[in-house]
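What follows is a pair of complexes built around chain A, which joins chain B in one and chain C in the other.
Our next item is the complex of A and B:
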C-alpha cells in the first residue's frame, strides 16, 4: 500500500475500536498470522507482537510479554532496601539512573532523610547524562528501523562517550548504582566538567549530522511523516506521557510539572511539537537532546563546587523504614517514571510497584495504533513509541 | 518533498576520510580509576568479619579458611571467597568493608585457558577464588573502585553517653556516667554489623550481637535472656567491664567501636528487678539435692553461684567481709559502680535461693576440710586481696598505704585521714580508682586536689583504660607516666616527706622479665603526706595449702583443668582473679565454666 504524502497516511493509525468485536476469521483463509519477536530488533527487547495480517496490512495486533522471567518487584520485597539498588537499575536497562533516583527518592521521603544540596545537583547531572545516552541509543534504533544504519553507528559512538563518563564517575558503564539513599556515592572526579563539555560538543556535532541525514532525508520523511499519529485526546485516555505526549502538543514533563532534585534551579521549557507522528516524535527527541546538552551546561555553571554528597544514614544492614507509602516520579526519556513503595516498618519494602511508561505505550497504545498499519512500518512505529519490554515485565 | 531532502543524506560521505573511532584492540583498554572490576583484598588487613558476605544480595561471597591465616582475637581467620558466576559488581561489599581491605581493581578481562587440574574446560570452580590469596594478576593493581572517604554504609561514630562534667563530679561519688536513653541505645545498637568477632574475644563468650539486636529491636526481655545465658552480673559488667570485645570490634577498624558495654548496661538498667525471674524463667527451679559451697562472693563466686543454682544445686556463698560483692564492692569506687547497681545483680542471685554467709572467712571461721565434708563440691574464688609493695626502704612507713586497703576502707565507711599532698605509685585501673577517690575526698575536704600518680609505663602505654586517665586529669589529678619510684623520704616515724622518682627507660629486660632500669639523671621529687602503692595484687591461698593435697606448678600456680577442677582434689574447683584475669568478666567466665565442670563432676559415674 503506497501513499503519496504524509497527510494521506493518517488514516493508517485507525480509530479507537473495540477489537474484540472485530476478531478476524482465520478460517476464511483471508488472513495470516505473523509473530514479530521476541527476538526481533524492532522490538528493542524480549517481547513479541502477534500480528494478524490481511496481505501486508495488520488487522489485529496483540502483545505478548513474559519472556524475561524476572519478577523484580516481588524479589524486592525480600531484600534489604540497599540491596535493591543492584535490581532497580536493571529494570530498564538503558535507563538505570531514573530507577535509582525514583527508588532512592521514595525511600528518602518515607524515612525522612534530607539530601544535601550538592547531591541534588549531582543527581540532576546524572539524570541528564542518562537522558542523553538513552536518547542517543534510541535515535540509532529509530533510524535503523527505517533502514538507515549509519545514524546508529554515529549515535552509538556518541553514547559510548557518555558511557565513558559514567564509567569514570561511577565505576560502571551501564549499571551505575551511583544514586543511593541520602545522596550519591562519590564526588565528581577531577577535570570531569571539561571532559563532559568535550563530549557535549561531540554530541552536538553528531546531532547536526543526524539533522541532515535523517530529518532532511526524503526516504525518512516519506515513511515517517504522518505515520502512527497520536491524537492529543488519547493522551489522557491511554496514560501517555513524555515525548509521546509532547509530540502531540500536550506539554507533559515531570521536570516542569513536578520539579525535583535541582530542576527548580534550571531555566527551561518543555519541548513541544504538534503533529504527533513518527517524524515529529523523532524530531522532538532530537530537540530534547539539545535541551539536555543545555541543561548540563547550566548545571555545571550553577552547582556548588563541593560539599556533602551523602546524608548520614543509619546502618544499611539493619535499615528499617517506618510504615508508610509514597509515589515518587521523574521524567525519563520515555515519559513519567515512578515508584510506588509501601513500607511496613520492617527492613524490607512491603510492596514496590514500578510505573514505567513502556507498559502503557508498548501494550495498550501499540495494540490500538498498529491496527490497519502496514507490516513494514511495525518496527518503525514500535521504536517511535520508545519502549523497553524489560520495563513492562519488571 | 524538497530537493535538499534528496541531497542532504549524501553528506554522510563527508566522514569518509575520518579516522575510525573503533578501538582496534579493546582487550588492551583499561577500566577507569573507579572501575568496578575484579576484587582485591589485603588479606593481612582483613579480619574476616563477614560484612561483605552479609550484604551480598547474590550470595556470591563466602567466608572460608585460608592457609597462613590463623584465627586470633579480632580475626576470624576466614577470608572472603567470591563466585564470579554470581557477582553483579555492585561493590556494596567494598562499601560495607569494616577494615577497608576490600576493593576492586580496574581489570575486567579474564578467562581460564585450557584444562584445569581436573581436566575440565572452564569449570565453575575456576571462577571462584579467595580474593587476594590466589595470585591473580590484578591483586596488586592500585586503580579501581575503593570506598570513597566520608561515605559509609555503617555509621562510624559512637553515640556519646551523657555524663557529669568534671566540676559536677570532682567532689562527688555520684555515678559519673548516666546511661543511654532508649533512643541513644537504639542508635548505638544500630551500628553493629553482627560479625560476632567479639564473641570469641569476650572471656565469657557472651552472645553480644544477639543482645545488641534485642536493644535495636527494643526487645529488652530477650536481651536480658541472652545476657544471662553467660553473664549474671550485667549491671556490673555494663559499667566496669574491661570490654575486650570493644577492642576487637570490627567497626573499630574504621571508627569508634560499638559501645557494647554501655548497651549491656542499658538492658540491665531498663528491666525492672521484679521481672527478672519471670523473664529468665527462674520462678521455680527444681532442686537436685546436691550442695555446693562457693568461697568468695566476687564476680567468679557469684557467677558460679548463679549458674549452679539455676541447675538445681543448693549453693552457699561464704564471704569474709560484711557484704557480698568482693572487689566489685570493696575495690571499685562508687562513682564507677554504684552499690544499688551491684545489689540489683546480687539480689537476683540471692532470689534464686543462694545462701550468703558473710563475715565468714574460710581458714579462720571454717576450714576447707569442713566444707569438703559438708558439701558435694567446693568452688574457691578468693581473688587477689593482698597489695604488692614496691619494697623500697620506708615502704612500711605508717603513711604508706596499699590502694586495695584504702578502697576497702572507703566502702566500709571507715575514716581515712586524707592529707593535702598524696602520691600514688601505679598506672593501672586500680591506681586510677584510688587516685580519683582520694582526689574527690581532697576536694570535699580542702576544696583543691593535690594527687599525683606516677607509673613506669610511658604515656599511651599505661595499663589503665584511656578514659580513666583522661577523666582523672579532668578531675584535677596529675598523672606523670614514665617515672619509677626510687626512694621514699621520711622525716620521722609519723611524717613523710615525699617520693623521688626517676625516668624509666626500660621496663622488661631482653628475656621479657620485669626488670625496670632508670635514667637517674632525670629525676623528680614529689612532696607527699601520704603515699599509696598500687602496683599489683596477689592472692591468699593459705586456706588451701595447709590441709589439702594440691599440686602447685613451678611458679606456685595451681594445677587444674580448663574448668578449674584442681588436680588431686577433684571436688575442688577454683576460679576468678586468683587463677586468671584479673578482671570482672574473666572472673564471671571462670565461675560459669566451673559451674559446668562441677555439674559434670557431680553427675559423672567415676566420681569418688
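Our next item is the complex of A and C:
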C-alpha cells in the first residue's frame, strides 16, 4: 500500500516502514491532497481530514483537530468545583448529560457524598433520554451521508420531541445542567411520565419507518455492508468501546460491566452484533435505541414515586474536597465516557482529564481504517464511527 | 484484584498504593512499561483507558497516570509514576507505550504538546495535535498564565470593557450605602 512500487518499503534503519510514518511522494504526480473539513456534513463539529488520494482511493489519512479547542481542562483547574458545570456540559455538545453525570459522580466519590435513591433513578432516566436524542441525531447523519436526507428530517423531529421534554424538565434544550453533585436539580413535573410515553411512541414509529426506508434500502445495503470493517482484535489495541466494539461482537457496555446509578435494578443485556461494518453498526445503534425506549419504561415502572432528590451539601462556594484521585465512567452513545479527577484538598480541582470515546475512534482508529477506502465512503465511515471533535481536544 | 496486586508486588517495587477511590499504585518510571506489559499480557488488563499527566509544580514533579482495564474481570487499575518536571524549553522524558497499545501514541502526542513531556520513539510525537506552531510554554503546565497569554495575543474589541468583579459587585450591591464597610 501507499508505495510507488506496490511493496512494503524498508527504512534505512532496516525497519519496515508502516503507513503511519511513510509519506507518499506528492511530486510523483500520482497523488493528490484533499482536505475534508473542518466544516463537513460527514463530521459532527469541526475536524479536518487530510486525505492523500490516488485516483479516488485514499492512501493516507490524517486527522486534524484544534478548531474547537477551548482549553476546558485547563479552565477547570482555575474554577471552583461547582463553577465547572457550565463547562463540562459543553465538552460533548450533543451529549452534555454524560459529562454532568461523570463529573458529579467523581466529586461525590471524592467528597464522600451519598446520593439519594430517587436521584439515582432520575439520573438514569436523564441519561437514557440523552442517549435517545443523541442516537436520533446520529441516525439522521448516517442516512444523510448515504444520500437519504429525508430520514434525518424524521429523526430530528423525534429528537426535538425529546428536547421538548428536557426543556420542560430543566428549562434548557441542550445544556441541561440538571445533574448536580449530590443528586439532581428537581423532581419530575406533573404528568411527565405520560408525555414521555407519548414521545416514546413517536420514536418507535419513527424507528419502524427508518427500518423500512434505511435498513431495507438497496443503495444503503450495497454501500454500507462490508464497509469499514472493525476487526475484534483491534478493540483493545485501539481503545475501541461502545457500539463500535459491540458491532464487532465484543460486548463492552459500561452499563452492564460496571453498573452505576440505577442500572443494577434494570433488566437488560448489551446489544451485540458481529459483522463490524457500517451497516452493522447502524443496525446495532437502531437496536440500542429500542433498548433505551424499553429502559425508560422500566425506569418509570420501578422508580420510587417521590423522595429526596438531593443530598445535603456544604456551601458550594467554599467547598473543599480532600486530596485524592478517582475515575468515574458512564456508557454514552459512543462508548466509555470517563472523568479522571485529581484533587489536592483545595477549593479547585488539581486536574480534570476527560476520556471521550472519540479520542481514539477519531484519530488512531479512523486514520488506520480509512486507508484504501474510497473517497465517496469517507463521510459514511466517519459518521459510522460516531465521533465528536469537541471531546478530542477538550 | 488482591491476587493481581500480590503478583505485581512480587515482581515490581510498588512505592505507594491507594484503594480509597479505585486502585492506584505508584512505581518507579523505569518499571512502568514493564509493569504495563505484564498487566496487559499476563493479568488481562488489555484495555488502555487513558494516559494523562498532573503537574505538581510545588514538588517539581509530573505525575503520569496510565489507567488500564481488565474487560473480563471488569477491574480497573491506575499506574502512577512521578518524573522530574523539566524547566522549559527542556522537556521531561518518559518511555513510550505505543508498542503495547497503538492508541497510546495519541495520548503521548497530546502530553508532549500540552505538558512538554517527550516520549522518544513514539510515532508522530513531535507533530502538533491540537495547537498549531506553538513555541511557548506548554499550556497545560500550572505556570502557564492563560489570562496573560490572552491579553498579549488578542486585542481588546472596541467598545468592550472589563470590570473587576469584586469592586463592580460592591458598587452594584451597596450603591446606596456608599462603599461597603
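A few points about this structure:
To be clear about the criterion, the second predicted complex is superposed on the first by the 374 of 394 C-alpha atoms of A that agree within 3 Å, B and C clash if a C-alpha of one lies under 4 Å from a C-alpha of the other, contacts with A are read in each partner's own complex, and residues count from 1 in each chain.
By our rule, a residue touches a chain if its C-beta (ideal position, glycine included) is under 8 Å from a C-beta of that chain, and two chains touch if they have at least 3 such contacts.
Please read these numbers as outputs of a predicted model, since none were measured by experiment.
By the touch criterion stated above, A:237 is placed in contact with chain C alone, chain B being left untouched.
Of the two partner chains, chain B is the only one touched by A:221; chain C is not.
Applying the stated contact rule after C-alpha superposition, one finds that A:185 touches chain B and leaves chain C untouched.
In the superposed pair of complexes, A:157 makes contact with chain B only, with no contact to chain C.
In the superposition on chain A, A:364 makes contact with chain C only, not with chain B.
Look at A:177: by the touch rule set out above, it reaches chain B but stays clear of chain C. Once the two complexes are laid over each other on the shared chain, residue contacts for A:315 go to chain B alone; chain C is not touched. In the superposition on chain A, contact is made by A:167 with chain B only, not with chain C.
Applying the stated contact rule after C-alpha superposition, one finds that A:324 touches chain C and leaves chain B untouched. Across the complex, chain B meets chain A through its residues 1-2, 4-6, 8-9, 11-12, 15, 21, 31-36, 51, 54-55, 57-58, 88-92, 95-96, 104, 144-145, 148, 150-151, 153-155, 187, 190-194, 216.
Against chain B, in their complex, chain A makes its touches with residues 79-80, 82-83, 85-87, 150, 157, 164, 167-172, 175, 177, 185-187, 189, 209, 212-213, 216-219, 221-222, 308-310, 312-318. Chain A makes touch with chain C in their complex at residues 20-21, 65-66, 69, 71, 73-75, 77-78, 109-110, 235-239, 241, 252, 257-258, 324-327, 329, 336, 338, 340, 342, 350-351, 353, 355, 359-360, 363-365, 368, 393.
On the chain C side of its complex with chain A, the touching residues are 18, 20-22, 24, 46-50, 52-55, 63, 65, 67, 71, 74, 76, 78, 101-103, 105-107, 123-124, 128-132, 139-140, 142, 144, 146.
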